[in-house]
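Below, each structure is written out as structure tokens.
Presented sequentially are two complexes of chain A, the first with chain B as partner and the second with chain C.
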Partner chain A sequence: MSLSANTKTTQQCSHTRRLGFITALVIGLTALHLLYGARSIPIGTLAQALFHYNPHDFDHRVLISLRLPRVLAMLLAGSCLAIAGYLLQITLRNRLSDPHLLGLNAGASLAVVLVTAFPIAPLFSMVRPLVASVGAALLFSLVLVIASAGKKGLQPLKLIFCGIAFSALAGAITSTILILDEDTLDQLRFWLIGDGAGANLHTVLISLPFAGAGLVLSLLIMPQLSAMSLGDAMAKGLGASVQKIRFMSLLAAALLTGSAVSAVGPIGFIGLISAALWRGIHSRPSAYSLALVAITGAAILMAADMAAISLFAPKELPTGALTGLVGAPVFLWIFVRRMR
Partner chain B sequence: MSSSALVALRSGQYSIRIHLTSVLTIGVLLLFLLGLIYFALITGSETIATSSILAYLHIEPAQPSLAYQYHTLILDAFRAPRITLAVLCGAMLACSGAVMQSLTRNGLADPSLLGVREGAALCVVALILAAPGVALAWRPVVGMLGGLASGVFVLLLARGSSSIRFVMIGISLSWFLSALMMVLLAATDTKDLQTVLIWLAGNLQGATWQSVQLVAILFTIAIIALLISAPSADIEALGDALAISLGVRRKWVNIIRFSVAIFLVAGSVSVAGSIGFVGLIAPHLARFLPNYSSRYQLISTSLIGAILVLGADTLGRSAFAPVELPTGIVIAVIGAPTLIILLWTRRNQL
Partner chain C sequence: MTVASHGQPPLLSTLHLDAGHGSKQILQDIHLAIPNGKMTVLLGPNGSGKSTLLSTLSRLISPMKGQVLLQGNNIAQLPTRDVAKQLGLLPQHPIVPEDLTVKDLVSRGRFPHQGFLKQWSKQDEKAVNHALEVTGTKELADRLVDSLSGGQRQRVWIAMVLAQETELILLDEPTTFLDMRHQVELLEMLVDLVQHHGRTIVCVLHDLNLSLQYADHLIFLKDGQIRHTLAHPSHCHSDMVEEVFETQVLAVTHPETGLPIFLPKSQQTTKASAVA
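So, the complex of A and B:
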């Protein structure tokens, strides 16, 4: 009794330490991202710009209208993509899952490009995250249907292949539309390669409610997901309705991916990397592990964005390329370790 | 496909046994390809009359009219090299896909999924950016080195070629290399970027007789090597133990076929850029046709590949007339659904 209580407190202590560490890292990275760049800005100016904004001061304008939206977009997208990846990994019981690899990103991009090229709703700019979420959900359900057909059910290799095939299809259709319709290409060029330079406060703000909905949904189903990690039979015995929870979880993943993609464009591997960094979070999903993964995702995307800006200084690299550069070896590492 | 369909052709002391159905299949594919070539020759922004084409091929006597000279110029400078290149690249990609699939005994092995194509493309891009003035003939050489390096890397890391490991490692390597390519393109000066981007999208627009020559030599050597080694590969498909006891030098046959497959991909990538899916779907389409042995299958696979790439290229340049879609994109629009259907039909085996 006393032993279990003791381990519990140790565990909580290590939980707090992990969370505290990663939160401090995000705050530090955010401050660095805000202050350094093509023009470094002293830290006193940041406080001034935040609390006594002076529109005639050049530094203030750089901070508030250029860097702040970008930083906010990266924070939002990083945490959303990480949670989406984590939800997919728990629900599919496959640690190689990521919104980018399973076609959610490609579906979201295709939906956004389609609606930009053929504007059906006058309020499109307000519902762009919703459109992206619907696209992500539709393409991902196709991937799931094809991948889970057959005697053996959902195999990791089949899932990845279906993700690749459907992503390629959606990507080819996206490119075709963009080649034929130059106006759309001009509007979406930077967004489409996952470049944070195009982020503005408006896109971040309209993404927030959808991201919030996804987050609330995933927090609501966390206890049931935790029960499901013990196995479907056990989860049923504990009174969770497995099919419903699975559906809700994938819905939350689509909402989160949609709002992230709508804010910064398709960026891959964030969910894969941030969940792979922490040991044991797949065996016992909880609100704590969700928070840990989300903050880690924000930190990784922030670091990738800083590297994208500063590696080849006057030139800016697409952020999505850098996450791919790190993410592909991580994918390999997870796979090889699991095969052993 | 019983052996009774084999027909022996004799001429003096030489005789050859042919499989009638397979030969007929190949003939039909060839006729279809020829028809497609004819269609591709006449369509375009300037419709060219059949008589001009016949005269260009020296079948009919040349006409002295100005329109004829104009048409000959279009044919010789633009359409004929482009069509030849499309046919050759399609055949090369399809052949390499077929060989990769039989070597790895994995129906989903494709040069574009195994990192070979990305490796070749990355090296060619680096060459174009580092030394834009270097002769065109160096591109396939450098591309082959890159493709070979990534192929060997995947093989060594996977310790064998017939497992899921091999495919997964190949996929992640191709992701890594394409991310590296994006970084490389964003980090370098924009002066030569246009050349690289046009080439990269899988475009046959810049076809010249020089590149056709290069690829033709490569393809001829490769197809001869593959046809010679095909019977050994047939035996190998029966299992390792049986192949060894029947006297197949497994190691050498595999090394030769693997490197030939990589050379084919690298050659096609270095002149036509990244065209995906052909290597994956052409062998599967060929499996629906009657093929007696893997020699026949190799030939019909390459014909199907040629038809696919030429069809996609012609569609890409004529569907939305003034705007031209890159061949790689048209192939992806056709190829991705085929891959999905394939995954569906093989859902119990994977």
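So, the complex of A and C:
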């Protein structure tokens, strides 16, 4: 009895330590991102700008209207993409899953481009995250249906291949629309390659409710997903509603991906990298695992965005290119380890 | 948990059940009652429908016709979590999560008893410790499940189902892939659960002779139908075995238990004696 009480406390200790470490890392990276750039700003000015904003001070304006929205967008998108990836990985029992590889990003982008080129939704600027989520959900459903076809059903590699194929297809349609419609291309040029420079406060704020809904949904289903990690039959035996939970999980992944893509564009591999960093996290779906993955995702995207700005300064790379640079090797690493 | 007494109506029974996978029907008109407080073994050749029957009894498959009754109520209409408080299941191939300790895994058996935001209770802790003790896995509590041997792992899975604290436990071929020693250990553990812990067990087994030594009640299936229901293993005769398994057998008696054992007649020896 005392032994198990002990292990419980040590476990909680290590939980708190990990969460504390990663949160401190995000705060540090955020501060660095705000202060360093084409123009370095002293840390005192940051505090002043936050608490005594002076619209006539140039540094204050750079901080509040340029860098702050970008940083907030990265925090939001990083955590959303990480949770979406984690949900996909545990729900599909496939660690190679990521919104970018399974077609959610491409579906979200296509939907946003379509609705920008043919403005059918009247309040489009307010519902852009919703449009992106619906696009993500639709293309991903197609991927799932095709990947599940055939005698052997859904298999890890089949799923990834289908995801990549449908992403390519959606990408081709997106390019076609943009080549035919230059206005849309001009509006979405930066956004489409996942460049943080396009982020603004409005896109971040309208993403929040959808991201919040996705987050609450994910938190609600964590206990059931933990039962599902023992296999469908075992989970049903334990009284989990497997079909319903799987649907809710994929819905949450679509909402979170839609919110992220709407804010910063299609950025890949955040979900893949964030979950791969923590050992055993796939066996223990819980609120703690969710928080850990989310904050890790925010930290990675923040670091990637800083690297994108500073590596070849004064030239800026698109942030999405940077995450791909790190993410592709991680993908190969997991692939080689899993397939052995 | 109340211990089911033998005079009460059966915890688990079926009414003229038809079931199968997808549109392919396998089971036909299965009408049975599982005796309370006993170990029932489902036997039959490959493809006879014994695993399908276990899946239907445990609501993994919905019947095409007829009903599965849990304490007289149609199991399909009961909330699945309520069912999970009365009926535990060990399927054939559960997934072993990586980097999970034995204790963590066994704790998942408490899932049906926990609500959203409901903290881990003393009752939960007690049930888990009890399950570890009964299955002899207490010393393994802090080991990782994926580092255990097949026999140990199977005990841990049973501990998880025990922690669920259900009167009924259904197991689908729990001895497959185990060597002889671990098969016997596992079956003796199941008998102990029935005799000393008031559980009712339904188990699919492959091995006829082991089943005869440990079962209280036997159900023989063939081609999706019940062929024989035996209230005691001593009622088993070679003509039943020959009919169900389509193999010629010799009946002998176990010198210690006095229960029947069936040896397949070898084609080789028949030839040899014919030559002689």
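Assorted remarks:
By our rule, the second predicted complex is superposed on the first by the 340 of 340 C-alpha atoms of A that agree within 3 Å, B and C clash if a C-alpha of one lies under 4 Å from a C-alpha of the other, contacts with A are read in each partner's own complex, and residues count from 1 in each chain.
Following the convention adopted for this analysis, contacts are C-beta pairs under 8 Å (C-beta built on N, C-alpha and C of every residue); 3 or more make two chains touch, one makes a residue touch a chain.
Model, not experiment: these values are computed from the prediction.
Steric overlap between chain B and chain C is absent once the structures are superposed on chain A; the two fit side by side.
In the overlay built on the shared chain, the residue A:H282 is in contact with chain C alone; chain B does not reach it. Using the contact criterion defined above for the overlaid structures, shared-chain residue A:K158 touches chain B, although it does not reach chain C. When the two complexes are overlaid on their common chain A, residue A:A321 makes contact with chain B while staying clear of chain C.
In the overlay built on the shared chain, the residue A:L238 is in contact with chain C alone; chain B does not reach it. Contact with chain B, but none with chain C, is seen for A:A168 once the two complexes are overlaid on the shared chain. Looking at the shared chain after the overlay, A:S229 reaches chain C, while chain B stays out of its contact range.
Comparing chain B with chain C, the partner in contact with more residues of chain A is B.
By the document's definition of touching, of the two partners only chain C reaches A:R93; chain B does not. Put simply, the nearest alpha carbons of chain B and chain C end up 18 Å apart when the two models share chain A. On the chain A side of its complex with chain B, the touching residues are 146-147, 149-152, 155, 157-158, 160-162, 164-166, 168-169, 171-173, 175-176, 179-180, 193, 311-312, 315-318, 320-322, 324-325, 327-329, 331-332, 335-336, 339.
Per the touch definition, chain B reaches chain A in the complex via residues 108, 113, 164-165, 167-169, 171-173, 175-176, 178-180, 182-183, 186-187, 276-277, 320, 323, 325-326, 329, 332-333, 335-337, 339-340, 343-344, 347-348, 350. Those residues of chain C lying in contact with chain A across their complex are 55, 58-60, 80-85, 87-95, 97-100, 103-105, 108-109, 111-112, 114, 116, 125, 129, 141-142, 161, 164.
Residue ranges on chain A touching chain C, taken from their complex, read 1, 4, 7, 93, 220, 223, 226-227, 229-231, 233-234, 236-241, 279-280, 282-284.
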